[in-house]
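All chains are identified by letter, namely A, B and C, in their written order; residue positions are counted from 1 within each chain.
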Amino acid sequence: MKDEVKHPNGQRIPNGMLEDNYPRNMWWVAAYSEEVTTKPITRWLLETPLVLYRSEDGTPAALYDRCPHRWAPLSEGHVAGDKIVCPYHGMEFNSGGHCTKAPTQTMMPKTAQIPSYPVREAGAFIWIWMGDPEAIEDGPPDVTYQTDPGWSFLTGYMEVAANWVLIRENVMDLTHIAFLHKNTFKQDDWITAPDTYMEGETVCYEQEFDLAPLSPLFCAGMGLPEDKPIKRVQKGRMPSLAISFSDWNVHDPNPEEGARSDFIMRGCHIVTPSTRGHTHYWWGAAFDVPEISDDVAEKTKTSVVAAFDEDKDLLQKLQANVAADPRGLDFLEVTLGADGAGVKVRQILNKKLKAEGRALS
Amino acid sequence: MKDEVKHPNGQRIPNGMLEDNYPRNMWWVAAYSEEVTTKPITRWLLETPLVLYRSEDGTPAALYDRCPHRWAPLSEGHVAGDKIVCPYHGMEFNSGGHCTKAPTQTMMPKTAQIPSYPVREAGAFIWIWMGDPEAIEDGPPDVTYQTDPGWSFLTGYMEVAANWVLIRENVMDLTHIAFLHKNTFKQDDWITAPDTYMEGETVCYEQEFDLAPLSPLFCAGMGLPEDKPIKRVQKGRMPSLAISFSDWNVHDPNPEEGARSDFIMRGCHIVTPSTRGHTHYWWGAAFDVPEISDDVAEKTKTSVVAAFDEDKDLLQKLQANVAADPRGLDFLEVTLGADGAGVKVRQILNKKLKAEGRALS
Amino acid sequence: MKDEVKHPNGQRIPNGMLEDNYPRNMWWVAAYSEEVTTKPITRWLLETPLVLYRSEDGTPAALYDRCPHRWAPLSEGHVAGDKIVCPYHGMEFNSGGHCTKAPTQTMMPKTAQIPSYPVREAGAFIWIWMGDPEAIEDGPPDVTYQTDPGWSFLTGYMEVAANWVLIRENVMDLTHIAFLHKNTFKQDDWITAPDTYMEGETVCYEQEFDLAPLSPLFCAGMGLPEDKPIKRVQKGRMPSLAISFSDWNVHDPNPEEGARSDFIMRGCHIVTPSTRGHTHYWWGAAFDVPEISDDVAEKTKTSVVAAFDEDKDLLQKLQANVAADPRGLDFLEVTLGADGAGVKVRQILNKKLKAEGRALS
C-alpha cells in the first residue's frame, strides 16, 4: 500500500491530493527553535508521532513518541540530563532511542529501542530528517536571513486541514492573489503567468510589473505610502519541497529625499505533512529593513494572517469536499499556463517519490 | 461497488438503511426557491457536492461544486451576469458547466467542463434531476397548492442524520402517531392499519375514523375547538419517492352557525439524500384556508416542529446505533400489516434501482 | 474477521490493544444495581447496544436494544408490568426478548424476537453473560464485601477511550504508581516487581514493604496520620478478566492506645468493553472500617479520582496515538520482569479466546 500511489484520470502530472505523498529523504521543518526545550512536546510529522525535546545541555532531539515497553507517549514524561524519562514506568532513553534504565529491574532490556531522527537548527527552525540517514548529503536550505540583524523577520504558524501539496501549489502560483485576496492583498495586477525555470533542483519564477501601487500589506514594512506607484519584480524560489520564497523586489522611482528607493519583502512558506490530510504551515514575511517598529510588525502580521486565512479557509473546504465526495480524486483536473511552477513542483515530487521506490507512474 | 446493493437477511423487501440506495433518474428537491439567488450556495445532494445559484436574469442553475482547474469549490465564488466565477483563479463557467474564461491566458481550456444538472421550479421548491437527462419524461410532481392563494402553506426544514428511507417509511405509516407522538399529536385513535393501494405509480392509503377530538396541532389552523368530536378521513399519497402527502380530511358534523364543516390539512414530506447517512427533510402543513393569521401560523409551526423533532430524534438514534454496531444490517427485520404502504415504497425503490442497473436481488 | 485476531510482531504474548479481544463466555459488569430501574437505559457492552431495565416487580433484564420491526431503540420506550414497550409503534417484549403484543394487529408476529442476556446481581453491580448461556457454570465473582456493613465501599465510574486490556494491565502492575502517580499516590517505594503466581484461574501477586509513610490517599480512611511509618503487604488478585482486587494490608507497629493496628484497603477494578476502543471502568476503594464519615469518604473519593484521571489521561493518549498512527500495532513491545501479572492476564485472555474459537496464534 505504502509503495504504490494511484494516479487518477491518467493525467500527466500527479494530483496534489494523493495520500502518503511526501518524500522522507529530505529535511522538513519540525518546529520553531524556541518551541523545543527541556519540556518535551509531542508533534505529528509525516504521519508519525514524535517527541521533541532538548537535553539539559541544549541539544535538540527527536524520537518516536512511543515507549517500547507498554507504548506510553514519552512526550508526557520529562527530561533528566540527556535522557528522556517515560511517564508510565520510568524507563529512560538517550537521544539515539536506546533504553538506558528500567527502574524495576537491574538487567537492561537490550532490545528496548525506538526510532530516533537527525535534527538540525537553521534559521528560526529545527529541521528533521525522517528518511534514511545514510542519504543525508547536505544540511537544510539556507535561511540565514531569518536571523540576520539586517532583516526584520515576521512569522506565524497555522495548522491547515489540507494536503501539504495544496499549500505548496498555492504559494507557487500567485496569480490567485488578484482573485482570492482581492480584499486583503489588493494587488490586482498579477493576472498573467510568470516565467518559470529551474536552477539546479530549485524551481524558480520571475515577473516584472509596471508602475502600480504596492499591496498595502507591505507598504508599512517598507515605509512607503499605500497609493504611490512603484515598480516591482517578483521572484520565486523553491529550493526544497519543504520551503519556498517569494521575493517582492520593490523599486520606488521617486523616493523622498534621503530615503531608500529599493526594498525586498521575502515571503517564506514552510510546510510539513502532519497527520493524514493535515499540514503544519509556517509563514514568514521578512523585510530587508532592520528597524521595523513593534507597531508596524504587529499591523503587518495581522494583515498577512488575514490574507493567509483566506487560503486556509479555501483549501480546507476543497479538501473536506473531496474527502466527503465518493467520487474522490476521480475528477477532471485541467492545468493552465499559470501552473508552470506548480507543475515543476509535482515533477520534483514525483521524482523524489520514485527515488524512494514509490512511483506515481 | 456502486452497482451492487446488498440485501441482508434474505428478507423479501430491501432494508431501508442500505447505503447508496437512492435512484438518480427522478426529480428530487434541491432547495426552497427563495434560497437560490445570485449569491451561490453549496449543498450536498445524492452524495454529490453542488453549487446552486441564479444568473442575474433569475434563471436557476446547478453545477458540480468543483472547479476543474485546481478543484476549488465554486460556491465560494460569485455570479457575474450568467456566469459563475471561481474564487481561486477567476475561471468562469456558464450554466452548462463550460469554461468561458481563464483570466491568466488567452487560450480557453476546451476540456475545462464540469457536470451541470437540469433544474425546475415547482411550488415552493427548486427540483433537480441528477441522473441521465435523456430519461426525463415529465416535470416534478404537482405541488401547485403550495402557492395557491386559497391555501395557507406552512413549511420548515430539518437536516436529519438518518437514511432518507427511514423518514419516507416513517411518514407513510402513521400508526406511530399514537405511540411516538402521544404527547404532541395527541391523536390516539390511529392504531390500526389503513387500506393501501396503488394508483399508477402512486402509493396510496386511506382510512376513516369515527367521531373523536382532532389533534390540537391542526385545530387552530381550521378554527376548531380542541375538544370537539369530528369525523375524519386520512388519505395518503406518494407520487414519487421524493415527496408524499398526508391529507387530514376533517368533517365537523355540528358546525357553528355559518361556519364551514369541512377542512383539509395537507401534510407534505419531502426528502433528499445528502451526504451518506444524512437527509434533507422539508415538511409542509397546508390548510385549505386562505386567511390563517400569523399567530396561528406560528403556533402551528412550533407544535408541528415539536412533533417532527420526536421523529428526528428517534431516527437519528436508530441510525447511529446501527452505524456503530458491528452487526450492522445483519439483524432480523419483521414486517407488520401496518407496513403496507412502506412495503410498497420499498418495492418502488427496488424497481427504480433495478432500472438503473443497481438491483437489490 | 471476528474469528481471527492478528498478533503483531511475532511477540510471545498477544498485544493488549488488539481489536475484538474480549471473551464472551464470562460475567461482565453491566451497571451499578441502582442504575437499573423501570426507566430503561441504553448501554453498549462488548460492542453491542443493550437496553437495561427492571420489570415492575424489580427483576432486572437485558435485551438487544433494537426492535425487530423497524429497528427503533427499545431504550427510548417504557416498561409496562414485566414488558418493555417500543417507543415507535408500541410493540411489547418480555424479558426473554419475545414479542407479546403488536398494537396494530391481532396476529402476533411469531418471529419477532430479539436476543436477551442472562443477568445477575452481585455486590453493588448487575452482571451480564453475553456468550453461550449453556456455558454458564458459576455466578459472578464473590464481591459480598461491597455490601458488607463491616466495610465502607467507595466507588466511581469513568468511561475511558482506551482498550479494556490497557486498563487491566495498568491495575495489575502497580510499579507505575511511583512514576505516573508520584504527585497523587505519593507511594514512591513500589519500584520493584512483586512475586506473581496463580491460584487456580486467579492471577495473584504479593509483596512486602518496609516501614514507610502510607499513601495519603488511604490515611484518612484508616484514621492514620500521613507521616507515620507503617508496614504493608500488597496482595493482588484477578479472579476474572472483568474484575481485580488490590489489597493494601496495613500494619501500624505503634498504634495509638486502644487504636487498631491492622487495616485493609481493598482496591477494586472493574472493566467492560463498550464500543470499539472504549471501556466502562468502575473502581472501588473499600476499607474494613464500618464508620467512615461522609467527609472522609468525599475527600478520599476526590483524591482517588485525581489519581485514576492520570491513568485515564495517559491511556487515552496512548490509544489515540496508536489509532492515528499508520504503523498501528506494528511496533516493538518489550516485556519487563514487572509485567509478570500482566503477562498472566494475556495468557488467560488468549486461552479464553482460543476456547471461543478465536485463537491469537
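The rule is short, and it goes like this: a contact is a pair of C-beta atoms (placed from the backbone, for glycine too) under 8 Å apart; a residue touches a chain by one contact, two chains touch by 3 or more.
These numbers come from a predicted model, not from an experiment.
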Copies subunit C and subunit B - interface residue numbers shared by over half, same or different: different
Relative orientation of copies subunit A and subunit C, as a Cα rotation angle in degrees, nearest 5: 120
Interchain centroid distance [CA atoms averaged], subunit B/subunit C, Å: 46
Sequence positions of subunit C contacting 2 or more other chains: none
Contact footprint of subunit C on subunit A as seen in their complex: 2, 20, 44, 47-49, 65-66, 68-73, 76, 85-90, 99, 102-105, 107, 109, 111-114, 275-276
Interface residues, subunit B side, partner subunit C - complex: 16-17, 169, 173, 175-176, 178-180, 191-193, 314, 317-318, 321-322, 324-327, 331-339
